[in-house]
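Next, two complexes with subunit A in common: one pairs it with subunit B, the other with subunit C.
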Partner chain A sequence: MADGASALAAAERQDRLEAWGGVALTVLSLAALWQGLHYLAGDSAIASLPATLRETWHLLSGPRYWPHFRETMSAFLWALLIAVTGGVGIGVALGGHRLSGEVAEPVLVALYSIPKVTLYPVVLLFFGIGLNAKIAFGALHGVIPVAIFAMNAVRNVNPTWLRTAATMNLGPLQTARHILVPATIPEIFSGLRIGLSLTLLGVMIGELFASQRGIGHLLMTSIEVHDVRRIMAVVLIVSVLAVTLNALMLAIDRRLHRRV
Partner chain B sequence: MDVHASLRGVTRIYPARAGRPPLHALGPLDLDLRRGEFLSVVGPSGCGKSTLLDVVAGLALPSAGTVTFEGQPVLGRVPEGIGVVFQEDASFPWLTVEDNVAFGLRRAGTDPAEVRRRVDYALGFMGLADFARAYPAQLSGGMRQRVCIARTLVLRPRLILLDEPFGALDQQTRLLMGDELLRLWRETGATVMLITHALDEANLLSDRIGVMSARPGVWIETVQTGWPRDRDSTLAARPNFGAVSARLWASIRGESIKALGQAREGAGR
Partner chain C sequence: MTKAAWIRLALLAAAIGGLEGACRAGWLPRTAIIPPTEMAAGGWRAVASGELNEDMAQTFSVVAIAIMVSLAGGFLVGFAIHGRPRLRRALDPFLGAYYAIPHFAFYPLLIVLFGLGPGPLIALAVMFGVVAMIVATMNGLDRVPRVLGKTAQVMRLTGTDELWRVRLPAALPHLFAGVKLAIAYSFIGVIAGEFILSTKGIGHAIAFAYDNFDARSMYGLILFVLLLVASVNLTLHTVEQRLIQRRSR
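Up next is the complex of A and B:
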């Protein structure tokens, strides 16, 4: 067993090394692609990587960027909170009642496939330009995938686990706490990961189209004055933020699924 | 005769659903389960064997008739003293082996020192001590089923109900698990009721075998094996072992053909 455990640990170390090697290779490839596109398209379309990095540093070390960042993060976190609580609530309710789930699933899938940007004018009419509209639009993007994953998580709970709980005379609350919650968390978390990315996307789209503050607004004003370096710097910051968040969620997701 | 659990006129009818007529799954049947015996129930597919187990366990209420365990009526709740092991893998993948085994004791609020003692014993008994910190996903199907048996064992059931617990395992593992089950039965002194479709398995493990008809399941006959209490899978080499299996097959063959017809009829509906 000890030999088995050390072999497993060595295999895990090897996997980690390979994963980091893959990340390094991806970053280098993207950097090379970036520079290649810069040489092809020129300074007026794509700023060079060193110039973008300098502009990014300038932006991050100056006073102008952070109020926008705080605004975007505030909208994103509120939207995420609404998407997660709403999505998990809807999903668990529908997953727990078979008929409701069967009726609601095609409706949810249809809503998910609507290009939500077409609904933004309605959101603006409802909430007006400002933080609330961005929160609503972000939540609108995230809530449906979270609900679909949560519904399927509840539906897919192994009925034998519930029968086992019944043989031990567990009450509904004990069954929920000790069986349903741990059994559904991995799949619900997969929904959260996708919901998180889409919520950020929704907030950013909201800021691009109608907003007076936020990273999306900063990007839009940079486009209006054709400041290519700033555009690239903002895109880089948003990309790094999104990739980091997604990687973190993916790592937790894999950890949760490893046992299933 | 010391009756441990008994059934009188037990019938189970599933109500009409989604345009289908009511389904008479079981009975009426009577059964006296003797304290400390190993009884197996065999019968064709769909004859209501698992329904019978659910009714005895208190996981389902009979449509008619009564079930008693240790003289008390079983009324839709699993009484203290009954442990159930299912065919499907029921180990919890989010818990380690030892946490799986301790699950029922902890939910019942058992003293932690007592939990530790019983879990250590069950892990040792089932050959799982080296895998206490492993997760079920790291174990084979047979090992996971041992975890489920250990989880039932720590609750010290006086009546153990097993619903085809080795159904998903290969033949060799089944034989070895059968030996372990016999050892567990002897050492705990519990009464065991095993539901199985494997005639040789029933023959090898049991003192008594109840043979059920095709749906609705009723008793066709009860076969006494006459094997000694101290037995294991080497019993299969005895000359009269085959005679008992042959008798079971002769009893069940016609019912199996009937059940096959019922299944085809159901599929065509």
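Up next is the complex of A and C:
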């Protein structure tokens, strides 16, 4: 018995080791690819890895660029808050009522796959240039996947569990606490993960066009002065941030799905 | 049509009518939004006048190239990775995190690399679309039932015959999911790139109209793009449903 458990633990360790090895291999090959492209394309197109890292350190260490990062982060967090509350609200309402869900689903899917960037001028006209427009645009990107996932989560709750709850005379609050929430959380969380990535994307797109501050604005000013190192440093910061957030969410996601 | 579809149509009509009424009554600021009928008229005028022919030609040709590169490249790469399990395991974390990266942050870099023109737009759209096709190809090949491969063996099909007559047709509905995504992503990538920084194209025309306070052209073009992409997506969805149905028969 104890042997079996330790063998299982050893196998799990082995798995984890292999997963980390895969990550390390991916990072190494990306670095190699980067450096190779640098040698091929030259300094004026792709900055070398060490130069980019130095520039990244320069951007992050001094207080000069922090306002940009703070602007993007606050826009991102507000947009995320709106996308999550709005998306879960819409999704739960549509999932709970069959006909409304059927009416709304194709509309949501269509909204998901249109180029939302074309709507950015409309957002700008309503909110004016500034933080609010970025928040609105980020939330617009994030709210739809969250709503779609939440709707499916509520729809897929096993009806037997609900009937059991009725048999046990659970009140609506008790049903929500003991049945609906635990049954839907894993699926809703998967939606949050995708919504988070898309919200960040929306905020960044918003900053690339008609913006005076933020990481996207930093990118656009760097391209105007053709500062390749800074462009690459900003891209690196954004990518590392996005991938780290995603990995974190994915780890929680897997744990939630395993528990059920 | 189902009951839900009728309700959807009625709600859509009510929303458009409501917007029209609210705009005409002056409840919404005219500087922010114009009535839908004027949007449609603006869009029709912009498209019919021929002023946009060059922009449309540019956008559509770039989208078409991006779609072809994404589909062909994604399929070939996905097929190659699928045959190499070790490589696949190493790439898995990368593919899983890929769509978390905001690709448009790369657009300035692509402009530096390829210059201002169709090059960076194609690269951006392909970056966006090709990975969806890679992942769909691998998933599709994964889901080919093993019994089909065994049957092919029993019938002594050669490698290419097995691929053409068994594996690819069996994987087709899953591949098509990738095709659908790659096409939608190509449109998004190209139009967003044009919108952010470009000298030509429909996306640029929208940004240009916004900069010049030309609300009619702007809303007209937005409407045109959204209707166009929505109808492309709807067509693809119908084809996909048919493929799935044919298989379950």
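We take it that the second predicted complex is superposed on the first by the 253 of 260 C-alpha atoms of A that agree within 3 Å, B and C clash if a C-alpha of one lies under 4 Å from a C-alpha of the other, contacts with A are read in each partner's own complex, and residues count from 1 in each chain.
Everything that follows uses one rule, which is that contacts are C-beta pairs under 8 Å (C-beta built on N, C-alpha and C of every residue); 3 or more make two chains touch, one makes a residue touch a chain.
Please read these numbers as outputs of a predicted model, since none were measured by experiment.
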Contacts of A:V23 with subunit B and subunit C, given as first, second, both or neither: second
Partner chain in contact with A:A183 - subunit B first, subunit C second, else both or neither: first
Which of subunit B and subunit C A:R258 touches, first, second, both or neither: first
Greater residue coverage of subunit A in the superposed arrangement, subunit B or subunit C: C
Which superposed partner A:Q174 touches (first subunit B, second subunit C, both, neither): first
First (subunit B), second (subunit C), both or neither touched by A:T164: first
Those residues of subunit A which subunit B touches in one complex and subunit C touches in the other: none
Touch list for subunit A against partner subunit B, complex: 1, 158, 160-161, 163-164, 166-170, 174, 178-179, 182-183, 185, 258-260
Subunit C-touching residues of subunit A, taken from the complex the two chains share: 18-19, 22-23, 25-26, 29-30, 41, 44-46, 99, 102-104, 106-107, 110, 113-122, 124-126, 194, 197, 200-201, 204-205, 208-209, 215-216, 219-220, 222-223, 226, 228, 231-232, 234-235, 238-239, 242-243, 245-247, 250
Touch list for subunit C against partner subunit A, complex: 2-4, 7-8, 11-12, 31-33, 89-94, 96-97, 99-109, 111-113, 184, 187-188, 191-192, 195-197, 203, 206-207, 209-210, 215, 218-219, 221-222, 225-226, 229-230, 233-234
Residues of subunit B touching subunit A in the complex: 57, 59, 77-78, 82-84, 86, 88-90, 92-95, 103-104, 107-108, 130-131, 135-137, 155
